[in-house]
């Protein structure tokens, strides 16, 4: 499996030469209710990155394990860094890779709270023609399947996330707690009043920390989600590999 | 109309004393296709703020006219500031108001690109118990009505926006250009490939700068949108006025 | 009137093409004693910018309404942002305009507290050959006339400012309060001890917030001031329009 | 093994309650010559942290895989973040842990280039009484043993590092390349001229990227180093567990 | 002479205890035309600080020799730091002194370009009740005398500055060059067009680097200036010594 | 003696033309126990810089007197700036010198706490090919001699420092206090527990502030140290003068 960190420097030169695309897993370490592990989001990102990096065309970078999670800090065990710090850590990691010649990166992201920062990083890296680094969120790649499998609005530690991590890391999941997660959880993300979101923290609208219908989860459904999302990521990598780098850069002024 | 800037300092002391909530209009100056004015988003925000500030309970702050619009910069006339600068400008404006005793603010926002920065500002102001300042985006308050009025996915310079500004500022709208806006525009925001958003700039997916079905616009529909959204904003102001400030602050650690 | 925000993007392309100079109004929202509105400084800046932008050669940008006013914060209603934030907001606004090809900007400033930040912005923009953006303060253009009209050292909410805003916005001025403004005000700005300025805030030396002789104000004198200053601004715009951009840039090392 | 990320939020509450000390592994992804993997430093840090976290008193945090490595960037595969970014990422991770009540952290560090930044973080966290977080570098704990085992000045990808990673990750080590590492390497770190260090980058003084005598390495020696260093880390954790937190804080002004 | 740096730590404790006020000399190293030394401004500041610190009530801090001089950089030998860096260096120096109990500081400043940054520092230190640190510029203390002695508008390397440094450091002054300084210099600072300052750098308006009438200088006049300014500084120190610290802090909200 | 600040701008042009290398003295103002002056480190740096600048090939810059000393702040009289501020002040000073054509600088440093920041500055200046500015610490140039002269591990206000400043500034040294310095001091720097440095501040391990054997000091030994270090600095300047600037820049990617 082409994983950058396992290689010596000279071997990495060859691997970078052969690779068309790098994958950078980003996640978080934050509460996912009483049934799922805190590392849920970075475990998912890492698993997808490793699955993508099974042939020489895709090179996996180290996993960035702590993300932007200030909205979970009332729940024990949650870690967070600021959006600025997270963005800088991701941006500089990609910038340094780019100096060795690999300028196409898929940020394989497992945490919604990271998205704003990742979008800004991707914009900056493209504007300076340093790297083209779009974000790929696994849940965006399986929207239809998730709609088929679950009857939930979801959003956090829901049936989809529960299924996925149950498939990936059964040893860290407590199925008995899924019921409590749902019972004390919320049906949908946020707290909306006359068009405004007035709930900024998870605890504003869910006591268990979960949002959705985790009791609908199963490892088998998790496997389905994983396979479908991994297929999409693979297709994205192929698409990006074939796209000329000059087509990736920012378009000129109209 | 209680507008802060029109009052003398002693009069503002009374106005702040009487007011329960301030409204801070934020928008942008950026391309809205060939038919709508660049100021669309700050005109909308200003109009809603003024409408809300018709009795003593709501005090209108000055309009912040330039927002976070890097994704429109290939189109002529677009102005932008960075997310950090925009966030700081909004945050410090609210912080200074709070020193005079008014700690509930609705940020009346007219521009989607401002949302990430405004969310972060709202979080920080609440975490420090300086102010409670949720964002209100006018389009979020009229989702159902917009679905009734228009058949579009929309997103920018669409039928909803076109209608609203046609109602507010007929003099700045060129109805003859709506057709070109739509013909050379996009049906939906962004460019999605296997779950990833790979189009970062408006120009990546729309030649006219518009996204949606602006030909469905009319000033009458704009009036309907304005009235419904203004009613929602008024209700939000009432809700916030009644909410004890201590219930607004961040909840304690679980 | 060529005002950027009122134009569509394609129309702005033409307006920018035709324009030689942009004007960017900057002011503040801060105490101006018991008789004048908090918005005094940005009202003045906006009025001068609009007056200047009456032909195609001058294009007006949106008004930046909150400035650097920490020294007024003990007085109700005053808003402020830090010098760094104000400078960034102005600089990035001008930078984004420059990307469309208009590189000569007059910052039409209504607030003394903004000057340090504006000087630094002008220096940076010139050093990078992004834009040439000198500051124009209206009071500097009418020194002789003000000396003729008033017998004051002045400096804030004085006879000159009172007259100007009385002319521009009679509806926001309370002439009955001018006497109290003067009676409880100061004769001159600051508090000087053996060559050092030891008064940093307005409240250190004026109880009313005014400095000068506001009772000498009249709307007629305001009109005289406005006309003379507007004439000077127009002449400045002409001068700048004719100056080759290469003569505007920073001179080379000796 | 008490590893934070594997636990659910409620379980982490108990684990944090039981734990006396957290261990945070920090390393780098950077060239270690032709024989050793790029991930050497974060693999080492992670291994020591996991070994330390075998009873409930020590809780392992996620591994931070990219560190401060600008001096290795001429060698393929090296990644780096700036000292400021690395410091912020570590500091905020520890700060967020501290909000849950665990304020003693050992930063288990595998990379010399991180030390300056970690010292500054430790100082700041102590000064604000947020956390007490001294750095532990594994090589500092085995100086005498390394002197016994190897005849080298060393410093990077040397016999000590080679042995350790050979013991931990035989699969990533290429023993055949150790000879070249040494032959084209340097005897000692840096390039000193009349008391000044005039070589800032590794490539200034080593062609292979190694500094020391890697041919003296063996997995058995690596095991000895690992065991001795792990024992020291365990003793450090015991020492810190017993130290009252008030004795950890900064002393008062003399 | 009570100079902090010359004392041991225990002796400094006593000196700080006895002192009422500290003086911090700040200047620049920048062109002062063909006749005067680059160090003019920090030499002046240092001389005044030393003169003030002749009894135990005033303690002299080290001289900060490089200031904010971007506008002189086209002239050889000029050094500069940014306003932010200069401000931080001064602020943190004063903050650290304040931790030992001395909270009244006169910043004895020799360079006009430092004033904006020093004002901001003074404001911040007062707002946080860390220290009260007004700026004292020597030329502000001798305005009348300078008017008597010289017939110049002046501003830089003028008759006043030339006289002062001639008195202080005859060995660094080249009297023969004063004529050229004046001949190729400017009569007044800046380049004003219709009320706007359009000359940002010294070289925009003076070829020699001097502004004023340096040929009117003499060491005798320099001595007069020095004595009068030193007397004023001494009086300022007395005034500040007697002022209760609570009267120095920022006044409360009105 | 070629000292930049003493020269006029035109004369400095010639001096810069003739000079091959500049020397920038950096130190601190911080406790050095009961016998030595707070200015010890910047006095030493200044003395070495002046000694080096005795012929035209070496040009002395102003002395930067306050450094990075947070670890001494419990001792009276210590001043400090943050590493970021110190780094910026040094970097910008060197950058501005480089604009006049002198790109080789030796930072003559007297304070260990400055080293991390100076290394980072040197790296940045080299990476951008602005200047090549290695740090020279006087104690690194006399290691063997110090070992011959003294029987100490040392580190701060030790026999070596005491001797040096006794030689340079007898008037600021209190020989009678050397005994107390040693008696209440520490034998070695820091407090090490199982491989970790757990003492961050000087006061954590020394009551007097001294570390080493100051009673072994004498002015004669100080003279020996000074002469030997000065000879080394002179040789370093010669070496740097002869080194082509292109050999100073960062090497290309391997």
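Here the chain labels run A, B, C, D, E and F in written order, and each chain numbers its own residues starting at 1.
Convention: contacts are C-beta pairs under 8 Å (C-beta built on N, C-alpha and C of every residue); 3 or more make two chains touch, one makes a residue touch a chain.
Not measured: the values here are computed from a predicted model.
Novice: If you tally contacting C-beta pairs, which pair wins, A-B or A-D?
Specialist: A-D
Novice: Tell me, please, which of C-E, D-F or A-D gives a repeat of the E-F interface, judged by over half of the contact pairs matching in residue number.
Specialist: A-D
Novice: Can you tell me which chain lies farthest from chain E, using the average of the Cα atoms as each chain's centre?
Specialist: Relative to chain E, the chain with the farthest C-alpha centre is A.
Novice: Are the interface residues of chain D and chain F largely the same numbers on each copy, more than half shared, or largely different?
Specialist: same
Novice: Starting from the mean Cα coordinates of chain B and chain C, work out the distance between those two points in Å.
Specialist: Centres of chain B and chain C (C-alpha means) sit 27 Å apart.
Novice: If you average the CA atoms of chain C and of chain F, how many Å lie between those two points?
Specialist: Each chain's C-alpha centroid was found; their separation is 48 Å.
Novice: For chain B versus chain F, what separation do you get between their C-alpha means, in angstrom?
Specialist: That pair's centroid distance is 56 Å.
Novice: Quick check on chain D: which residues sit in contact with 2+ other chains?
Specialist: Touching at least two other chains: 73, 75-76, 84, 99-100, 253.
Novice: For a test of understanding, state which residues of chain C touch chain B in their complex under the given definition.
Specialist: 4-13, 15-16, 29, 31-39, 42-43, 61-66, 69, 73, 75-82, 84-86, 88-89, 92-93, 96-97, 99-100, 169, 171-172, 174, 177, 209
Novice: Taking the complex as given, what residues does chain D use to touch chain F?
Specialist: 70-71, 73-76, 83-84, 106, 116, 119-120, 122-123, 126-127, 134-138, 140-142, 192-198, 200-201, 203-204, 229, 232-233, 235-236, 239, 250-254
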